[in-house]
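In what follows, chain A forms one complex with chain B and a second complex with chain C.
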Partner chain A sequence: MSLKLITIFLIACAGLVHAEDGDAKLILIKNVLNSIITEGNDLMVQYTLYNIGDGAATDVNLADSSFHESDFELVSGMTSVKWERILAGTNVSHVVIVRPLKSGAFNFTSAVVQYVASEGSDTTFGMSNDLGELDILSLKEFKRIHASHLIEWGLFGVWCIPSIVLPYMLYYKSKSKYSLKAKKN
Partner chain B sequence: MFKFPYKLFLLFFLLLPIVPLFGSEGLAKAEEDIVDVEDDEGEVEDEEDEGEVVEESEDGAYPAGGEAEDEVEPITAHKETETAILFDDGAEPSVIAGKKESGYIHFSNTGSNNFIITSIDGSFRYPQDFSYVIQNFTVSSPNKMIDAGKQGSFRYDFTPGELSGGRSFGLLININYKDTEDNIYKDAVYNQTIQVLENEEGVDTETFFMYMMLLALGALGLLGLYHVAGSKKRGKRINPNKPASADSPSFETGTANGPVDYAWIPEETLKAMSKATPSPKRSPRKRVTRKSNEAD
Partner chain C sequence: MGFQRLINFAFIFVLFGGATANTCVQPTPSFSHYTSNNEKLSQSSAVVVEFTLKCKNKVDDLLLFADVEGTQIPVTKSPEGNNFQVSWTSSSLVQASKMYKVRFFDEEGYSNLRKAIRSSQDINSVKELFQVEFKHPGLSSKLWIRSELLALIVATIVFYVVCKERSEVIA
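And then the complex of A and B:
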């Protein structure tokens, strides 16, 4: 009697374990972390994979080929990443740092993920969101916004001097002429 | 000088608002809204209080156009597609008024057609009636092709209005797409009632100014008290003829009541002053003749 119960229990357990092997569903979101993109300064791109399915995704490959060698210099991180497994209900993220070599508008297209949704199924192909056209500022434009402008302020001070000094000279002249001379003997 | 007819103008401007009353077009009126109540959606079974989130599960499509257009077929989703949405905080968004919330949409093309995702739009609806739009959010237009058998991810950002805090709304996010033959489809990715939380951070400026105003009012009150107390002390009447004492300070009277001390004036000037005794009460004509005599 107890043996039967045990076997039923074990089968039920196996059933439970199998129920977890649902299909994985991955959302890939590409996100630029910079607020301003400048030529010659680092550009940080974050890729996040969310598994909203019921099962774990295996053999996950992320690839982003939109940063060509001619336009971007790779500083840190890899544009092709692999994950063995992404469990259901979890997310992973990856950051790539590149440096733009040219200024102007650039069309940031999507990255691509390939994964196996469930045991023995074919590779599923997914695309990330498009970021659209973002403006890469040239160094000159960036400096115009963010440099300390010390020279400009210095020159401004110099040009202000006549407007301040001339009236002061007039005042000083008149004051020295009409103020009481100190101690007449 | 022509006197500007201020009184006339005042009268005119006072009477001006009465004029629109004589024309029915002049007044602002609110017309009764004809609300289309849809039977199959937006039904609320039991709602005890406003704050409770009402779960309304929608499977598949939300028919566009409402019941008024019965001839036009409602736009539905394509059977061979699947959509899902995930928010920053999970399957249900925790939305704060005035703060950006991101939704990550998963689109799975399981058929053999290619689909082009044209736009994603979101809106806040009245919880009891989903056809009444309270706020529309900016539409995102990815215009992206998802090939047969592939999946795509999209990001939809929306910011609830500042004034929507503390209320519940029906959040509806639709994804619009078309196939290669330009047949349009629409899928409601999220269609539930959510509670919008109030923005706690913005309150700081309000409280800061509130405290400042209280301080100012307090200071004003103190000043008033001080003034009242001070004036009571100095309320006694003062006799200007009394000599100055600790109780009643004297008034300045100039040289009217007392003798003038001439000791500080040099002697020559005193002599000149006593000579010129005739006061300038004489007519100006005589003064002029004396001067002309001296000039000769």
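And then the complex of A and C:
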């Protein structure tokens, strides 16, 4: 009887230990938060890591080297970061802000993550989705659409003044003459 | 005599064990923050806080967690371990300017925080390692009227005045 209980207890313990030692599996999603990407304006890139495995991922390193210094200026955030641990069933996110230096189409490629899936195993590599070619608007194009055009409207008003004011002056002159005549009468 | 030695040894062991605990003594952060809140570019806003930490003791592999408005976020590190970053996004823009208070916890503080949350206690009662505060400017003040609308209003006024004068003449 006691031997049976001990056996059941040991099997239960083994089962418990085994369940906690599952492998981690990370999915990396790279996402651009901007609806418009413009040269000279900030671009927000968000990386989200989801652990869909059974165990915690340790020594997680995320690196994105697609933003070269010749094409982008790093405004805020680090492009290479690490987390000590990402527990099973949790997610973490990371934001990097860059500023495009050139306009035109740009191919946004994947970021890379490497992590240790379970204790003692080798490093696992993963890549994020690549966003493909996205169009970076030039600053001139962006201002044409979105800047407030007060100066343009002001100039328009100035050019309208001759064609409105001159006839009005003529009318005003004749009106004042006519009114004087009516008053006289 | 042997027993006394054992006690001494245990005491020294505990002392050493305590000294190499992975926590930062007298943390002095130097931080910079970035807020993105441009409605022409995006409907989401992002906040990034980067900092380096000076501790009185030498700490390897410091593990930090941040608490921002009730949400706990793990703090990321640079590969060398000197620079830290916390970042979060929100799906809507921040309308009015506000102050952000970010509290940072080490592992022990974080487990205390989790315990407080589970037992529905006030999370402000948990002592943080340090905190940073900064202002989010909100949506920058902009012109209330678009220039096109202003032009339309001026044109309408001029048109009304002219029509009135014309009707007086005709009548």
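Note that in this section the second predicted complex is superposed on the first by the 137 of 185 C-alpha atoms of A that agree within 3 Å, B and C clash if a C-alpha of one lies under 4 Å from a C-alpha of the other, contacts with A are read in each partner's own complex, and residues count from 1 in each chain.
Heads up, the rule we're going with is that a contact is a pair of C-beta atoms (placed from the backbone, for glycine too) under 8 Å apart; a residue touches a chain by one contact, two chains touch by 3 or more.
Treat the numbers as computed from the prediction; the structure is a model and nothing was measured.
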First, second, both or neither for A:52, with chain B first and chain C second: first
Touched chain A residues, chain B compared with chain C: C
Touching partner for A:42 - first (chain B), second (chain C), both, neither: second
First (chain B), second (chain C), both or neither touched by A:130: first
Which superposed partner A:140 touches (first chain B, second chain C, both, neither): neither
Chain B versus chain C as contact partner of A:25, first or second or both or neither: first
Chain B versus chain C as contact partner of A:102, first or second or both or neither: neither
Contacts of A:173 with chain B and chain C, given as first, second, both or neither: neither
Chain A contact footprint on chain B (complex, rising order): 84, 86, 104-106, 108, 142, 144, 146, 149-155
Chain A - residues contacting chain B, complex: 25-29, 31, 50, 52, 110, 124-130
Interface residues, chain C side, partner chain A - complex: 32, 34, 36, 38, 40-44, 46-48, 50, 61, 63, 73-74, 76-79, 83, 85, 87-89, 143, 146-148, 150-151, 154, 158, 165, 169
Complex contacts: residues of chain A adjacent to chain C: 33-36, 38, 41-42, 44, 46, 61-62, 75-78, 80-84, 86, 92-97, 146, 148-150, 152-153, 156-157, 164, 171, 175
